[in-house]
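Got some structures for you, see below.
One chain, chain A, appears in both complexes that follow, with chain B as partner in the first and chain C in the second.
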Partner chain A sequence: MIYYYIPVITFYVLLGTLAGAILCFIPALHIYNVAGIAIVAWLTARHLVPYYAVAPFFMSLVVAFSFMNTIPMTFFNTVDESAGATLLPSNAMVMRGRGTEAAIMSGLGTLMGAFLLIALTPFFFYIWPYLAVIFGGHLHWILGLVIVHYIMSEWPKGAGRGKTPFKRWAEACRNCFAGMLTFFLAAVFGLIFLTKPILPPELAFQNIMPVFVGFFAVPSIIQSLLSKFKPPQQYKPKSINADWKDFSYGLLPGFVGGMLAAYLPAVTAGIGAMLAGHTTNHRNLDRARFRAPLEEGEIIHLETPEMYYRQERNFLIAGGVGKILYYVGAFLLLFTITELTPYGTGRGGLAFILRPVFSAEPGDFFVMASTIVFSGSIAFLMLIKGSRIAAEISPKINITVMYSLVLIALSAIVYFIAGGWIGIAIMAATTCIGMIPVFYGCRRSHCMAVLLVPIALNMAGYGESIARLLGLV
Partner chain B sequence: MKGLTHFVSGVAAATFIPQVVRMSAAGRMDVTGAASSFIIVLAGMYGIMPDTLDFKVGQFFDKPDIIVDPDPLDPDPKEMAQKFAEAVSRSAREGRMIKIQYMPIQLGANRWRQYLIIFGEKEVSVQINEVVSTSQIPYQGTAPDPEKRSATVPLSHRIKPTSCDTDTLNRLVRKTRRFLKGGEKEKTTVKPSTIDILSGTTFGLKMESDGDIYFDWLPWHRTWSHSYILGLMLAAPWALAAYLFKLDMWWMYGVVAFLGFAVHITEDMTGHIGGSLLWPFLKPRTEGFEMFKASDPRTNFSIIYAGFILIVFNLDRFTTNLLTGGPESIWSWWSFLLVFLILPLAVYFKIAARILKRIKKREAGLKFTREEEEPDGTGDPVID
Partner chain C sequence: MTQENINPPKDKSGEIKGSGSYESNCQVCGYYVGASSVCHRCGAGTKTRTSIRTVRLVALIGSIIGVILLWVAAFIKQPDFINIGDITPTMNNALVVIEGSVVESIQDTETNTFRMTVSDNTGNIRINAFNHLESFRRHFDGRLPSVGDTVSVTGALNITQAWGAAMFLSIPERVRVIEKFEMKEIPIGDITVGHSGQLFRISAEVADYEPGQTRAGDPMHRITFRDNTGRISMVLWDNQFQALSEEARKAISRPGSRLKLAVRGSAFRDEPQIELIDPESPDMAEVVSISDTELPAPSRVSPLDRLNSMKIGDITTAHAGRTFKITVTVEEYELGQTRAGDPMHRVTLGDETDIISMVIWATQFDSLPGNARGAFTTKGSKLTIAVEGGEFRGQPQVSLMDASDPETIKVLSVGEGR
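Let's look at the complex of A and B:
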């Protein structure tokens, strides 16, 4: 019997890999949106996909997406919230003509993350369930801590110029104020939106789509249009400038950030990467050194340690690791069925969407692990080829036309599968909030308050009281 | 230490109070006193509060006497060095602390002109370096022409990194430090400063009784904001609010907030700068015990890791009893701490020591003698 299942599952894994690779080219879409589009597609053709192939199909879709979205993110400057964490280094490398290297480095990090997920199997079955149960009753205040740290750890970016102390303070802290405003508006929006959903129950999983498109995708496109981003001619490298040390340094922050995002609801890879970066940054082990001038006019020799340069590569690699741990790991945890966790510990958009139509069974974990390796290997090869093609064509593309078309496409997607004109209105409203970080240079992830705050309050059991206080029920 | 280190430490400290853990547990849990409280968040919030007060408020309200804001297109190292020399002279002449602030040179969203200030005993040098990114990576080939690159200016008085006019508390800390460290080398040179990204830096210069000028780095940092008294004052409103809202154990809200604040200040005392522990009653800043460098990643990482393990340990022993076997099972406690805390940290320090050995080996070939300090007590700039 098993010999019959293997080719069918393999077929659907290949199909899922292809679908993920195609969907990632709708730039700046969040993984939740992609999962939503995929489920709509699946719902229309559910009689064609056998039940036992559903999970491998979706798993391979997410695996391929986490590899292949590196291409639009690197070459076309279009990022979702999670990928935003790695935007600066890859942007800088593209502007130096090293986009292919950036994409492959990030892809290698993702591949390493895929194998890490498999290597972590004993951890998932023997330690993780204990942690999940211990923290399970405390998630509301843990999310509260994430919120507080997130807001308080945004330091002033201005130099503090001004004639009076108040003006100095206002000038320096503009980004902090803008961050708090973004967070507050997104949180209020989330409380209203999750209490009063716009879509009918059968499409409830698409409810969040216009919100995410408005918060992340549209501002990202507008930013690229405003900045007149134009990639220069790209090199065709035969190797990448990274060694094993880079990969070993990138592993820990990627693991910490990815697991935080995979486990904590509404904590995305961007927020996870920020926390992990604060925890694991070891740059200061090797300090900048210099030799003082021996006579006036002599140039002081400043030695910038290799660790400073390595940071750029670590960022990309850790981003790749964290991305797959978040996208794929959150789904994989649905299959860690143990005595302590009989329903698994899966989180994330896809786990949420699939729960009503699919229930994990003991033993599925190993099918999923095989799917990750198989689909990941194919997706990585596609990434190598795809990034070379993207490097070739990106300087020739009219970016303004491309972004304009993408904007139209996104609006059409929202219109047709996420609520018609109401969906468009929601997208427009969230775009206004999502533009605050673009103009004031605060963290884009503040928009995640749309989920963080309502989820934290609901977990603590205060959601209804707050909704009543706001006159929503 | 980094903001996150203080934050996690504050939370870990709060979880040692059984009532706090139990009242924080979700109401659906089978735990006596479970009330879905957010009280632990106060420990984290107050754990990061002293630096928030300094870096988001204090530094901008502390008015410098001299501001050096170089021309982004044509920075003049001679003029920049002369301003410092002028501050030294003014301090000697006026007999009070003169604060001089050096502003960053921002050239674009991700481009900053880096410059170095190097202090000799009776001279100061300024060197203009390459343009760097927000990650402090230099862009090759952007250094200015050699004739516009550096300048050295003599100072009217000697500058020194350690104050000689100290109060009783400072003398006590110095004695304890000598006792703990078995004697210490006298610091004679002031560490250099690099100015590049985000905000600049401020130096305080004060004439002392021995006729030399005491050099105080970031004179606004760890002063009033790092006081146990202020911690009490800021924690009290939480207890009062909890009392007014008729919450159970209302006083605990004040205790948890103060605990977070106090852990931060105490951790900072293990570093170099210290804090004004009893402000407003005793205003001068008390030196730290100099056990760790605040920016040392080993200290920060090991404290965060230990904090996380202790949080798991406390949550389990006060609520779920899965790993630690409950309050009676002392052996389970020790085996848990051995396996998850002591052994992993031992492995970590072994790896860190190997990396450092490699760095030192490389340095031996470079013969570069002095090192750069990164700002103390701030979070790393986050790029997102």
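Let's look at the complex of A and C:
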């Protein structure tokens, strides 16, 4: 019988990898949107994918996404809820014609993360369950700490310019206030939306989709349309400007950030990377510094020594590691079935989407592990080829037309899968909130307060009081 | 690479013309650009100040209005009513309203959890208020929805492949008791298999208590209750027994005790049985002091009316111990003797499907009504009789259910000869 299962599963893993890779070429289309559509399709025609191939299929879909979404992120500047850590360095490299290098560097980090996930198997089965049980009852205050740290670490910027002390202060604190406002609005939005969802019940499993499209996808598109972003001609590198030392530097923050994101609810790879970056912060690296102005009013230039580029490389590699640990690791943990964790410790969007139709069983972990290696290797090869194609075509593409089409496609998906005009209205409201960090220069992950705050408060037992306070009983 | 404007035009106050306020971050990569017309880092143009300001304004005003409108929409919106049977996997996490009757109600004080199972005509759903039992008790003033109540519940669906559909509740106000269920009291003699699934009360005396074991070796408790109309048995699993109050536990295990019980009708091998509902609730198993006259009066329903009818060809040894009625013709009658020398009456009964033998002991025979005695001893007589299945040397046989009760035998016609 097993001789029958192996080729069938392999076929669906290949199919998932291909589907994930091709669909992820579409800028701003998140894999969870694709997974939602795939689940609806599967529920209407279950014979399309046999039950035993469902988990490998979706796993390969998300593995391919972890690799391939690097391409639209790098070349087309489209950010999801986890890309904050890598967007800036990869964007800079694209503008210097080194987009292919940036994509492959991030992809190598992702591949390293895939192998790290497999290497961590004993850790997942013998240590992780204890950690999950020990910390399980403390998640509310841990999330509280994450929230406090996250808000407080939005440090004043600015260059001390302005005629009056108030103007200088306002300039410096603009990003702090924008961050706090974004966090507050996203948190209130989340509290209302999750306490009393307004979407039709039959689409509830995707009810967060229009919220995320609004927070992350649409503001990126608007930003690119307004700035008339156009990538320059890209080089075709035969090697990448990174050595093994860079990978070892990137591994620890990537692992810490990715595992935090994989375990803590509502903490994404972006937030995880920020936390990990603060705990492992490049202590061996030189810092970039401003060059002292020669006369008053002169533009202040930033010196970027070679070590700064190393820091960029580490960012990209760590981002790649963290990304796969978050997307794939969070789903893989669903399969760590032990006596302490009989239902696994899986989290994340895919585990949530699949929960009504799939439950993990002992032994599935190794099918998933082999799926990750197989699908990851293929996806990495596709990433190399895909990034070269993207480098070739990105300067030639009419970005305005492309983003307009993507915006129409995303609106159509939200309209048909996430509640019609109500979904569009939700997307519009969250787009406005999502534009605040984009246009006021603070962290975009503040939008994740939409889940962080309601989950933390509910875990702490305040959900009932919040519902009363909002009059939504 | 694009050229940067390192010397932008300035107005009289020294600020950059057209800037109004400082637009110091690149709109593409967020990098500090100062007054340059292009970003040092990504090369994106920065000459879109007016429109960016408009976008900022739209973002600020739109986000605040959006949150307010969402609150208004959520405030006005009433969650959709759905049937339990219509729940699909894509409804996971939906806030919906269901209406139905409570078929199970559990108060787990150890985990501070209140659980209900609600059933409508289309299916059942488990409703869990984890860690909220106390707030539910406060809200309902101690009288939480109990079995039989019709309730309307608004909650979030949680659908898993392993556990099916359940509903999570945290807000007591989202449970509304539409109709409090008042259970009718039924005499034991009136309980039939037709009462399976129905909820009612009985006032009865413990006739027999027998502790036993399940096949898995777990303790169980078999109790027989009686009133003036009949007897009925109930099995309590040990967890149910332990959930009873100490007084109820003692009463149930002591024959002669009298109780008022809230029960659900059920059937075992076509015989009516009862199951105790909600053993944790003191209202459901109440020890009472009642006199004989207060026990329910005999039922007016004749056993022949309430028993199921069977054909002889369908009776097997598996029917041993069960009671039913048969409409038969006397095929043979023989007067014999027991080993002790007492007289016994062996009657062969038949219908269009088969024949079966029945033994009537002398004491039973003597208590039979006169016309029944004549009918049993006359070949060709037709009768409808309430009998109990039995077995003799591997063959099915029947015996009279209650020879002294004239309502268990109906003589249709008496045969013409012996």
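By our rule, the second predicted complex is superposed on the first by the 430 of 473 C-alpha atoms of A that agree within 3 Å, B and C clash if a C-alpha of one lies under 4 Å from a C-alpha of the other, contacts with A are read in each partner's own complex, and residues count from 1 in each chain.
Definition applied: contacts are C-beta pairs under 8 Å (C-beta built on N, C-alpha and C of every residue); 3 or more make two chains touch, one makes a residue touch a chain.
This one's a predicted model, so the numbers in the text were calculated from it and none came from an experiment.
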Just to be sure I read the superposition right, which of the two partners does A:A460 touch: chain B = first, chain C = second, or both, or neither? first
Q: Considering only touches as defined above, state whether A:V148 meets chain B (first), chain C (second), both or neither.
A: first
Touching partner for A:T430 - first (chain B), second (chain C), both, neither = second
**Prompt:** Between chain B (first) and chain C (second), which, if any, makes contact with A:F439: first, second, both or neither?
**Reply:** second
(Q) In the overlaid three-chain picture, which partner chain does A:A92 touch, first (chain B) or second (chain C), both, or neither? (A) both
Once chain A of both complexes is superposed, is A:K157 in touch with chain B (first), chain C (second), both, or neither?
both
Practice prompt. Considering only touches as defined above, state whether A:H140 meets chain B (first), chain C (second), both or neither.
Written response: first
Which partner does A:L275 contact after superposing on A: first (chain B), second (chain C), both, neither?
first
Requested in this report: Tell me which partner A:A172 touches in the superposition: chain B (first), chain C (second), both or neither.
Outcome: first
Dual-contact residues of chain A (chain B, chain C) 87-88, 92, 157-159, 161, 299-302, 441, 461
Per the touch rule above, chain A residues touching chain C in the complex are 39-40, 43, 77, 87-88, 91-92, 94-95, 157-159, 161-163, 171, 185, 188-189, 192-193, 195-198, 200-207, 222-224, 226-229, 232, 299-302, 343, 352, 355-359, 422, 425-426, 428-433, 435-436, 438-441, 458, 461, 463-464, 467-468, 470-473
Listed in rising order, chain C residues that touch chain A in their complex are 1, 6, 13-15, 22, 24-32, 34-36, 39-45, 48, 51-52, 55-56, 58-67, 69-71, 73-75, 77, 79-80, 82, 88-96, 131-132, 135, 157, 159-162, 170-171, 173-174
Interface with chain B, chain A side, in the complex: residues 84-85, 87-89, 92, 130-131, 133-135, 137-141, 144-145, 148-149, 152-161, 165, 168-169, 172-173, 176, 270, 273-275, 277-293, 296-305, 308-309, 311-312, 315, 340, 441, 443-445, 459-462
The answer for chain B against chain A in the complex is residues 2-4, 7, 11, 24-29, 31, 34, 36-41, 44-45, 48-49, 52, 55-57, 59-63, 69, 103-104, 106, 109-110, 116, 118, 120, 125, 127, 129, 133-138, 146, 149-152, 192, 194, 198-200, 295-298, 300-301, 304, 312, 315-316, 319-320, 322-323, 352, 355-356, 359, 363, 366-374, 378-384
